[in-house]
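Okay, so chain A shows up in both of these, paired with chain B first and chain C after.
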Partner chain A sequence: MFASRYIMTAALRANLRDQTVLLIAGLFIVLVLISAYLGWSATATVQDVYLKVVEAYAAKGQIAPPNPVPDTPPLGLLRNMATYVALIGALAGLVLGNKTVSGDRKSGVYALLASRPITSSGIALGKILAIIIAITGLLGVAALTNVITFMILPNFSLSADEWFRLAQFYIASDLYVISFGLLGAFFAITSRSEAKSLMIPVTIWLTVTFIIPQLTANVLPMAALNPLKAMAPAPSGAFFVFTQSVLTPISFAEAYRALAATLLDFAPPGFKFQSFISPMLTLMIVNGLLISAVVVAFGKMDASRSAYDD
Partner chain B sequence: MSELAIQTKDISMSYGDHVALDQLTLNIEYGEVFGFLGHNGAGKTTTVNILTTLLKPTHGKAWVCGFDVVSDSLNARRQIGYVPENVHLYEAMTAQENLRFLGQLSGVEDLQKTIDETLELLDCKDLANRRVGTFSKGQRQRIGLAQAILHRPKVLFLDEPASGLDPMGMKMLRDLIVKLNAELKMTIFMNTHLIGEVAKTCTSIGVLNQGKLVHKDTLKNVMDRFGDDETLERLYLSLNTQKVA
Partner chain C sequence: MMISQLIAIAKKDIQDALRTRTIFIMTGFLLVASMVSIAVTHTAMGGRLPSDYSVLEAMRGFVEHLEIIGSALAILLGYRSAANERGHNTLALVMTRPIRQRVFLAGKVFASVVLICGCLTVVFVSISVEIMVLTGVGLSTLEVAKLAIGFASTGLYMTAFFLLGFLFALHLKHLSHALLTAFSIWLVFVLIAPQIGDTLDPDNQAVGGLFSQLSVPHAQEVEIMNKLGTYEVIRTGIEQLSPSKHFERLTFALWGIKGSYIGMPLSELLSAKIIDILWLLGYVLGLGGVLFKRQVNFTGD
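Let's look at the complex of A and B:
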């Protein structure tokens, strides 16, 4: 366990010095900040306009219609966050997970690590913890930004239940991004080529995010990008009925989107995710499988030929 | 404690049809500086990879300080230091940061003091706070050696340590090997194809040819057996073309 802690610390330090990781993590944070600013700005504008309307009505001796801002579900303002997490957040996690392992292989240090009195599962544990901590830190900054936004937004005070659901949303987002981090790490361990170690998980990310949701028809093709169109009824037809029943339980991206939509109040009325497994359970199962895969992959890695071919 | 620092019994390693190592049996006593000679591809690095627990042999058994390198690999690793042919370290870290990390993994106590002593021993304290990415081959080799001896292993494995070094670097390395053997009582297993280095530093030699050990003896016996006028280089070339009992 102590040795794993040292592996974890070194991996985190290396990530902090990796420009690619910093760039993509920075991009995610910038998008979160922009999202928070847009939410604040849009709400403040509506509020200002409403106050002017009230003044105008009052000048005419009329009663103004009710303020629409308090009727808006406050958590729904964060719908863009679900999109950013599914796109740039997942990609950031994937790159971070890949770099956490590929750095050692690329530099050829792995042979020195493997000749130390530490097991391969100890090395794997250190790397996995580093990935989890780095991604949780990244999502933590996003969560803090949202909390501050809600505290300064006029007319948007969250109830205890809403704060709880916001926390659940970030736990789900953390699990979602970590799974891509683990996917990046897995291919960084098992690939002989550094280029392939990144290309394969990126292809999987594209498939999970865009292709499978089209086949299951739980969400329409644009749903991963546009939450407004999400969770539309599935098109009728034998093909979609079949693909929906087969692919929905393993449609990881949709499980996350469904969970996010439910927690953040942007799901259409009466929406129900078409799977016998709950979305949160799907996220947990995927993470559990990927953690096992990373540990096994480290165990099977040939430490004497750990450097990449390219 | 085992009487032998290194022992192998019929170890073989195959990659598909290619036999990299063929039933190697080797006994090396504590305190020896063993030079393992052989052409490129003879199986020297495969042997070191097995003895440093990086690779599992397809057949046979091997022990370092009495610990089985497969079934008791963690204890075997505690006894060894390893310097690969090309020393790879974290380029973005300083020498000290690299040593600290690798020393922590080896469970070195009083780490800072040990790092200082090791850098002093290897006469490279000036490298401590420089980034490894800026090092020359010789400087990198020294820090590679420092990381391998931080935990004061009983057995030190060097894989082609003089590869790519200039004459000055080679002399420094030779002096260091002698010093480590004499002062820290380390048994040293050195892969090389540089005959001159073997003659100047080793106490015994083994010659490997196409995965088979074709000769093993003390350096003195080898020199006596083949006569004073025979150069070690001629001996090496002749040993590689014949089986010597």
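Let's look at the complex of A and C:
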């Protein structure tokens, strides 16, 4: 246990010194800072546009239809966060997970560790804890930024239930990003080339974010980036009924988006996630499977030949 | 002499790419994503006959996959092209021969353009066949011409991202940092800039479109949007930064995905989209200029 703690601390220190990890984490925090502004700005502009439409109708002596965009609840202003977590958060997780493992592979640390009285599961535990702590820290800074935003904005105050749902949103986001961190670590352990250890999880990320949602609900890739468009209902027909029943339970990107939309109040009325497993449970299962995969991968790694081919 | 050197370097680079199977994996992934996208879009349209819509309209998702996956793959191709030499320390060895840096770089760029064109040929031919099978209608000469122009635009777009990946992999000290820095830039210009522009668009705030829901005619919509002033200038300015947006506007117009361009003569359509073509050319020439201007450190890490 002590050895795992040292491995964890060393990995966290290495991540804090890594410029690439800091660059992507910094980019994520910048987007967190502007996400509330983007939500507020878009909402205010819609009201402005609606008033202009009402004026145009009045000039013709007609009454304008009701505003199709209802008043946005305060948490709905953070709707872009769901996209930024799924894009940059996930990529930051991948990079962090990769760097947590690859640095030691390149410098031959695993061969050294193999000569010490520490088991492979002890190493795995240290690395997994480092990934979880680093990602939770990153999401913690993002959450704090959102909390300060809501405390500063005079027109928006959250009820106790909304604060609770904001906390739940960050727990779900943490689980989602950690799953990518573990995915990055898994391929950093099992790949023979460092380039492939990044390419394969990036390909998986592209698949779960852009290809599977199109199969299950015809969400086009660019629409998947728009928190509102991505929630459009799937077209009717046997094809989508089939793909939803088969793919939605394993589509953890959609599970995260559904959870985020429900918690942050931007899900369309009557929205229901089309899976027999709840979205939160999907995220937990994915994390559980990936933790097991990382432990097994460490167990199978030949420490004496751990360096990458490239 | 210079031409034969350039061809020798390009030939060797293409052989390397084929041997490591990188290009096959990349082409396969893009092909699967594209074919799935067209089949799903066609199914979502209810399998309507082409008389109801432009035959190429089903390519919307395909364009978006080219924007995202195509550019990511081009970065990987650029990374591979430089990493291949740096990893084996052959960069310094090549420079001990009587060869100019610009010939070496031109050989590398030429090889990757050939690989990109090869990858796109497989994808474009496959999706053309898929569209014909799904709709049961052959492509007209004009549609083939539009596909060919779209092919060239995609090649230009992917070359810009190849140059980005190649530049970083050639000049940054650590290769893994190079790949991730190029991906961070890709993230900003391919995903985040269009995402911000898209989510700030008032029309996108209601499912089905705000103006459609309010039964506002297009002319009045333009008038209202013009009144938004600075907001709209900033929003479109953010979108203009993204090469993906220019690529999207060009191909959406070409392939009739944006309804207002259906039926427009090709020459008129191209002159309407000349700004987007120039932006794409500008990215390639700008990045190419930096590549050929900067001195490469051939001593490696």
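The criterion applied here is as follows: the second predicted complex is superposed on the first by the 268 of 310 C-alpha atoms of A that agree within 3 Å, B and C clash if a C-alpha of one lies under 4 Å from a C-alpha of the other, contacts with A are read in each partner's own complex, and residues count from 1 in each chain.
Just so we're on the same page, a residue touches a chain if its C-beta (ideal position, glycine included) is under 8 Å from a C-beta of that chain, and two chains touch if they have at least 3 such contacts.
Model, not experiment: these values are computed from the prediction.
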Touching partner for A:Ser292 - first (chain B), second (chain C), both, neither: neither
Which superposed partner A:Ser157 touches (first chain B, second chain C, both, neither): neither
Partner chain in contact with A:Val49 - chain B first, chain C second, else both or neither: second
Partner chain(s) touched by A:Ser278 [first = chain B, second = chain C, both, neither]: neither
Contacts of A:Pro65 with chain B and chain C, given as first, second, both or neither: second
Chain B versus chain C as contact partner of A:Leu31, first or second or both or neither: second
Between chain B and chain C, more extensive residue contact with chain A: C
Touching both chain C and chain B, counted on chain A across the two superposed complexes: none
Residues of chain C touching chain A in the complex: 29, 33, 36-37, 40-41, 43-44, 46, 60-61, 64-65, 67-69, 72, 76, 79-80, 83, 87, 175-177, 179-181, 183-184, 187-188, 191-192, 194-196, 198-200, 202, 204-207, 210, 213-216, 220, 224, 227-228, 231, 248
Footprint of chain B on chain A - complex, ascending: 2-3, 6-7, 10, 13-14, 17, 103, 107-109, 111-119, 302-304, 307
Contact footprint of chain A on chain B as seen in their complex: 45, 49, 52-55, 74-75, 77-78, 80, 82, 84, 86, 88-93, 101-102, 104-107, 147
Residue ranges of chain A touching chain C (in the complex, touch as defined): 19-20, 23-24, 27, 31, 38, 41-43, 45-46, 48-50, 52-53, 56, 64-65, 68-69, 80, 83, 87-88, 91, 95, 102, 194-195, 198-199, 202-203, 206, 210-211, 214-215, 218, 220-222, 225-229, 231-232, 235, 237, 239-240, 268, 310
